[in-house]
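To start, the structure itself, in structure tokens.
Note that the chains take the letters A, B, C and D in the order they are written out, and that residue 1 is the start of every chain.
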Amino acid sequence: MGDTNKNVARMIYYALHALQHRGQEAAGICVHDGKSIHSYRGIGLVAEVFTETQIALLPGAVGIGHVRYPTSGAHTLENSQPILVKYRDKTIAVAHNGNLVNSGELRSELEGAGDIFSTTSDTEVIAHLLVKEIQRYDLADAVRAVMRRLVGSYSLAIMCNDTVIGLRDPLGIKPLCIGAIDDGIVVASESVAIDALNGRLIRDVAPGEMVVLRDGEMNCIRLVNSPRPAHCIFEYVYFARPDSIMDTKLIYDVRVNIGSILADEHPADADIVSPIPDSGITMAVGYHQRSGIRYKECLMKNRYVGRTFIMPDQSMREAAVRMKMNTIRPNIEGQRIVLVDDSIVRGTTSRRIVKMVKDAGAQKVHVRIGSPPIIAPCYLGIDMASRDELIAAHKTVAGVETVIDADSLGYVSLEGLIRAIGLPEDHFCTGCLTGIYPLDIPGERSMSSQRRLTDFPPNDGGG
Amino acid sequence: MGDTNKNVARMIYYALHALQHRGQEAAGICVHDGKSIHSYRGIGLVAEVFTETQIALLPGAVGIGHVRYPTSGAHTLENSQPILVKYRDKTIAVAHNGNLVNSGELRSELEGAGDIFSTTSDTEVIAHLLVKEIQRYDLADAVRAVMRRLVGSYSLAIMCNDTVIGLRDPLGIKPLCIGAIDDGIVVASESVAIDALNGRLIRDVAPGEMVVLRDGEMNCIRLVNSPRPAHCIFEYVYFARPDSIMDTKLIYDVRVNIGSILADEHPADADIVSPIPDSGITMAVGYHQRSGIRYKECLMKNRYVGRTFIMPDQSMREAAVRMKMNTIRPNIEGQRIVLVDDSIVRGTTSRRIVKMVKDAGAQKVHVRIGSPPIIAPCYLGIDMASRDELIAAHKTVAGVETVIDADSLGYVSLEGLIRAIGLPEDHFCTGCLTGIYPLDIPGERSMSSQRRLTDFPPNDGGG
Amino acid sequence: MGDTNKNVARMIYYALHALQHRGQEAAGICVHDGKSIHSYRGIGLVAEVFTETQIALLPGAVGIGHVRYPTSGAHTLENSQPILVKYRDKTIAVAHNGNLVNSGELRSELEGAGDIFSTTSDTEVIAHLLVKEIQRYDLADAVRAVMRRLVGSYSLAIMCNDTVIGLRDPLGIKPLCIGAIDDGIVVASESVAIDALNGRLIRDVAPGEMVVLRDGEMNCIRLVNSPRPAHCIFEYVYFARPDSIMDTKLIYDVRVNIGSILADEHPADADIVSPIPDSGITMAVGYHQRSGIRYKECLMKNRYVGRTFIMPDQSMREAAVRMKMNTIRPNIEGQRIVLVDDSIVRGTTSRRIVKMVKDAGAQKVHVRIGSPPIIAPCYLGIDMASRDELIAAHKTVAGVETVIDADSLGYVSLEGLIRAIGLPEDHFCTGCLTGIYPLDIPGERSMSSQRRLTDFPPNDGGG
Amino acid sequence: MGDTNKNVARMIYYALHALQHRGQEAAGICVHDGKSIHSYRGIGLVAEVFTETQIALLPGAVGIGHVRYPTSGAHTLENSQPILVKYRDKTIAVAHNGNLVNSGELRSELEGAGDIFSTTSDTEVIAHLLVKEIQRYDLADAVRAVMRRLVGSYSLAIMCNDTVIGLRDPLGIKPLCIGAIDDGIVVASESVAIDALNGRLIRDVAPGEMVVLRDGEMNCIRLVNSPRPAHCIFEYVYFARPDSIMDTKLIYDVRVNIGSILADEHPADADIVSPIPDSGITMAVGYHQRSGIRYKECLMKNRYVGRTFIMPDQSMREAAVRMKMNTIRPNIEGQRIVLVDDSIVRGTTSRRIVKMVKDAGAQKVHVRIGSPPIIAPCYLGIDMASRDELIAAHKTVAGVETVIDADSLGYVSLEGLIRAIGLPEDHFCTGCLTGIYPLDIPGERSMSSQRRLTDFPPNDGGG
């Protein structure tokens, strides 16, 4: 995120708040005040990490921010972002959404050349590569050189002294978009961050494109080309906010469409259709519209479960899910119910919810899922569980149905899902659903054709 | 809330968590361990106030808890509850939901008799009255004597040494219900607290009834009778959770019914119906079902706004509402939209939301409200604003329509609302909607007949 | 403490800070802004409880404050002071230094008359008595009436609406003094609080005297007379700061005198004299001066041990005392040492220190104590331990010498101590040293003559 | 600090606590549990940063710790220590006491070779050099190679995986010593850290010596030799604790000697000699012993001033020093007083104290200082102020006397100071007192002969 406004830390605070669903573990902001970089990071939600006092200690008209998604590693401050590195007269701050597949190799190679690291994060690897290339080349060539080395997903916000750069990987795996606000430009993971600043979405950052914000001006250059993009399909299913527009598609529409297609592919003889909140709500509305089955909520979520909530111990384990979600018993008793959710990962939560709904008196529980079965792990930025833990990696749909004790279980087809989104069918990363990845991942199958990166023809650049 | 389980503080913690929507200002728990009372209170949400350490310092098999609703006064710990008073060998803890109308008079009278207070709360007045009467009479007679003195709304949880008492005022203004859990009895404001403990709702506490929990046994006695109850009608419209059953009615059903009746009373020529989240969701579903107009969300709420969130300052005031709620622009552009909400208090928020939706490109915005106009203040426990601030106290519906800039505005009728609930029409307090109160309130009109309290015929008691 | 300055909370903060040694458990400030009372209390040191924000929320030109000494009871906020009680149009805040002997009786009697309490503290009893009498009499008569009822030690700061009152018990057990600052008057427990505000000590408050500060004016009235005072002798030995002047005597001088008299009464054949820091320092200087034995420190205190310090567990118990105090081994080896301390309570610490010093190579350790043996508990405000725990209550001096493993042990005589102070011999409470108390204490012996209180002749009052 | 005990984090905690006077800004501990390094750092005192929980999260039998002295830079967590760097299979943690003179050059050079940094601290420069050399050489040669590059003062605790290294710079500028505890070896800045663990001081680490602790064994190797050491003379005057033994000398004795020599060099016709607490106490005792002038304290320090203390604002500036120190007026009135302090830096505090003592009625105030005038800045680890701020850099003794308004002013001579310490006269760094430094410092004069470092003859090593 970058902007030429004076009180940019405050604006980044609001933008990060709008993106809070993308990471709740840690938050950080770096700004540049014309002379030097100021930075503050902490463990927790944006609103927990930053106080008025902290914001006031971050003067500057340009800056970047980050919310950290809890992937691997402990909750340590050291791995929080933006990561800062210093080199000669330059301080470079990097905020990274995504995951590198070859960070181990790159790190080894950099260490072979003598590089020393302060953290275990792949973001520091990117920062080191960048610092090196910037010594040799102009900015565009330096970034292009770095991109040639990186294998993985990476939407990046970089601040190099007072220049802010937005960068999207050549496959466009993770989202990134550009917006205009009153007196500046914003680059953000989702358009809701632009909305929060009362701005206007200009367009998505293209795969392989770099957006440079300097002295109040924006320059966009496509650096690297790939035969076709590989957008993470799970952003549409689950990760993004419904009110975001991502690669031209409104997530809300996509999810209504998914529900509608689910109703076609997996009809049910039922009295009501009910979402598992919050993720299943929009899909359930779509299912209801298409099927004509009455929409009625069976489960109510408690809005107040926070970080410090004391979860029930052994003696009350049954109650654990109840702290987060309650059944509306009279809506359930004697009913044949279609329960709609976005996905099944381990199956544990689905099983508990089906049990809760049956305990509340449901006659039948038909589970409908807005994604195909997840059969393989994600290496590109979504913390989905290992292959061992993924229930659909080891069981047929019938097997999963038995485990979660549903009267019927239907997953949307991959074709249906892609149709719901409305982008070309070969424009996605569907690794978790097919086991075939758009990048070479050791031990996994890849669409080897996809990663033939070429430099972008120079005449395509520009702002 | 009372229970005979060993780890009762932990259970009260979960129950309070389920009731968190009833008050976010402060939370407190008192327990009795067979010898003495232990108490802890703090400012903030239940999950913020209590840690494992605090819970561990509250040993005991019986107890009561409270979440404080921010009415008047500063956020001081002194006014948090349960309030404790000590008298000879007795320690009495009182948790109060509601508001006394005559607390000033009672306080003066008690002061006339020499009573000295530590707080400004009306709960301390109740505690003093109770202590006095308990010296003279047995428990039932003492509580009856206190009830004769109190004018106002009061659902009370009282702990007198190791006896826990639940008490509901003679008009049953505020809710109170009884549930059975594995090894004990719970009395709580809403049935969701019983659900959280995996318990079973037994029934509502009757107006004027006292529930005594002692040595693992429950005794119920109706102490005072009133010609008819006066349940707060706003609990159904707004305050209670949709998954609660209150005075035999499921709130979810009531709100669907309200939406349905709204559709009949105020149809609209529109493309979509959308709730103002969260309060309008269930009513919007009802409107959609009855009208056949497509259900589509136009507004998305940010789930992460917390206590410490830094709100935009003057220069970004427009953005304030945007931090909490975002428009889904593509769902809005060119559409004729029915926006459903539960109520309009000052009109400020409604005006801002209508503006946001119009700015996002709506062709028409028809506002539909699930309650009649609020024309008078609440003296009985809901912090609704003063008469001056209430927009409908000074303007006709057409006037409000103009102020909020809606293309049309329709409120459900009082008759429609009562029909949606399904209880007899004279069983409600409708003070805020009619200006006529079930109790004598200085300067206001009252249904004088209602408050002719009589002692309940002794043969009606029992457990 | 009272003052007519605008920013009085800030000044009280500094005064409390100077009095921090009198109580580290909790701190509180109440101020009056001309309209109402504002109050804030918290657990911890003054500097921990109050921030700039808290001070800013306490506007007012008059006020009182308190630091709480950890006597009995848990570290609960409820027992922190000033205690506030409300009665009709009056709010009365009371801060109390001392201990009532008859608070149980008074409480029962007040309860008999219907009084209800919020805490278990004797200060609330005083507040209740005061509220009652103020209804009936003018201020002087009301306070006199209260004093007739109280048996015990009590220096009080009272704020009744915007009037501040300082009051000292008829025996003057606890200290209280008056000072002038730039634009106001201060009443405080020790003169160092006046020094902290750059003020000038005017005089001690006389036993039985009331100081009234109102509208910038001071009025002093002696309300109750006693044949002679009974100043707590332990204030001189241990409790007060050396730089305070108390009942006309500089504590520093008193302690040098004690050391000097100790040297006469218990000379030693030694190479060096060393204090046990910090309490023994001034006495050791006196011993050195009188005896001519070289002053050399053998023990060094760590200044940084704070509230949250993690003390060694079982496996390192020996180290516990080492965390607070270190031996200076080269100053000790082969030396015959006089170790000077102010008192021995349980004997445990003395034993550990003698062992440490011997382990560090001392040839002889002669212990000299600046008070006579403590043979009886204190009922009047110093938390000294129960009779069971007091080593000198059960052992002769020779017995104590054996337990602490000193080569010789000498206590100053009571006569010597009184001579060191320089006030008449019958002007002290020496309960802990003699077992004879100036007040009737059930089960203890008393100087029954002393408590024949009479009203002070009216012509003695005035300011 | 290193040790083979199981609960080493806890022991490091106690050792750091004993060294708290060496740095109050931040504290950190790193331990190795046989597999990996665990680390925790925070802003504040040791007792504020670490809780039982934090200690429990630091398992391991070896470790190092650090307390940070507030030199330049903001109070940022990033500059706190130990600093961690990661390189291939090694994690290296470095804790540094001292200051590099050539860190800018080294940093540039490393950057020239491509090194990238995460902080602005010179400790990270040391860590990088070390990582590089360790790839090429065995440990002793690697460390020797690093030492050849470093110009400045550095006592280092290094942990390279599970090997702990203590290292003292070739001039021995900063202290470092070795101690034996029950089941292990400790290397620490001062012997009081060994005392805290009930250990026994073995000896000082020699200048240029490396101590290696691995698998419970200690190996000592002198790596680099210098013609003579250059111990920081200010450690003796002010910085070290009186109970430490440093380079074989007990600090307490040194300070008594200083006082004694001061009395010879600058006698005074006075009634009493009084320290400025705490730093002047031991010197004042020495002055008293030699001069025969009575020892009597005139100033009393408040022990409770902490980090969060609210200092007086403009309107009370006079009071600022009063918050920390109070005059004992009766000890001062009419007296001719010798005030003894360790040093004068800016003169501001001395002036305020002299004024306070005169305001309290002193007839004469003779100031005696236990160090020669500070005429030049320290580049080697003590935050003394810039040359501009140093009062004695610009004024004669008579000039300083006038500024601080003393009746006479006497500094101990450099010869006297060195005699008081008792080490050879050319074994010190006296840069701040003479302007001549033992190292080449750009723009300053140096004892150029001193820094002719040679490798230590190999037969001198050993343990």
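The definition used in the following text is that a contact is a pair of C-beta atoms (placed from the backbone, for glycine too) under 8 Å apart; a residue touches a chain by one contact, two chains touch by 3 or more.
Note that the coordinates shown come from a computational prediction; the quantities given were computed from them, not determined experimentally.
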Ordered by label, the neighbours common to chain A and chain B are none
Given over half shared residue numbers means same and under half means different, the chain C/chain D interface is same
When each of B-C, A-D or C-D is compared with A-B, the one sharing over half of the residue-numbered contact pairs turns out to be C-D
Cα centre of chain B to Cα centre of chain D, whole Å, reads 62
Chain C and chain D have mean C-alpha positions lying a whole-number Å distance apart equal to 38
Rounded to the nearest Å, the gap separating the Cα centres of chain A and chain D is 50
Residue ranges of chain A touching at least 2 other chains are none
Listed by label, touching pairs are A-B, A-D, B-C, C-D
As the complex stands, chain B meets chain C at residues 77-78, 84-88, 108, 111, 113-120, 127-128, 131-132
Touching chain B in the complex, chain A uses residues 7, 10, 13-14, 17-18, 20-21, 45-48, 50-52, 55, 192, 195-198, 241-243, 245, 250, 252-253, 256, 278, 282, 285, 288-289, 294-297, 300, 302-310, 312, 315-316, 318-319, 322-323, 326-331
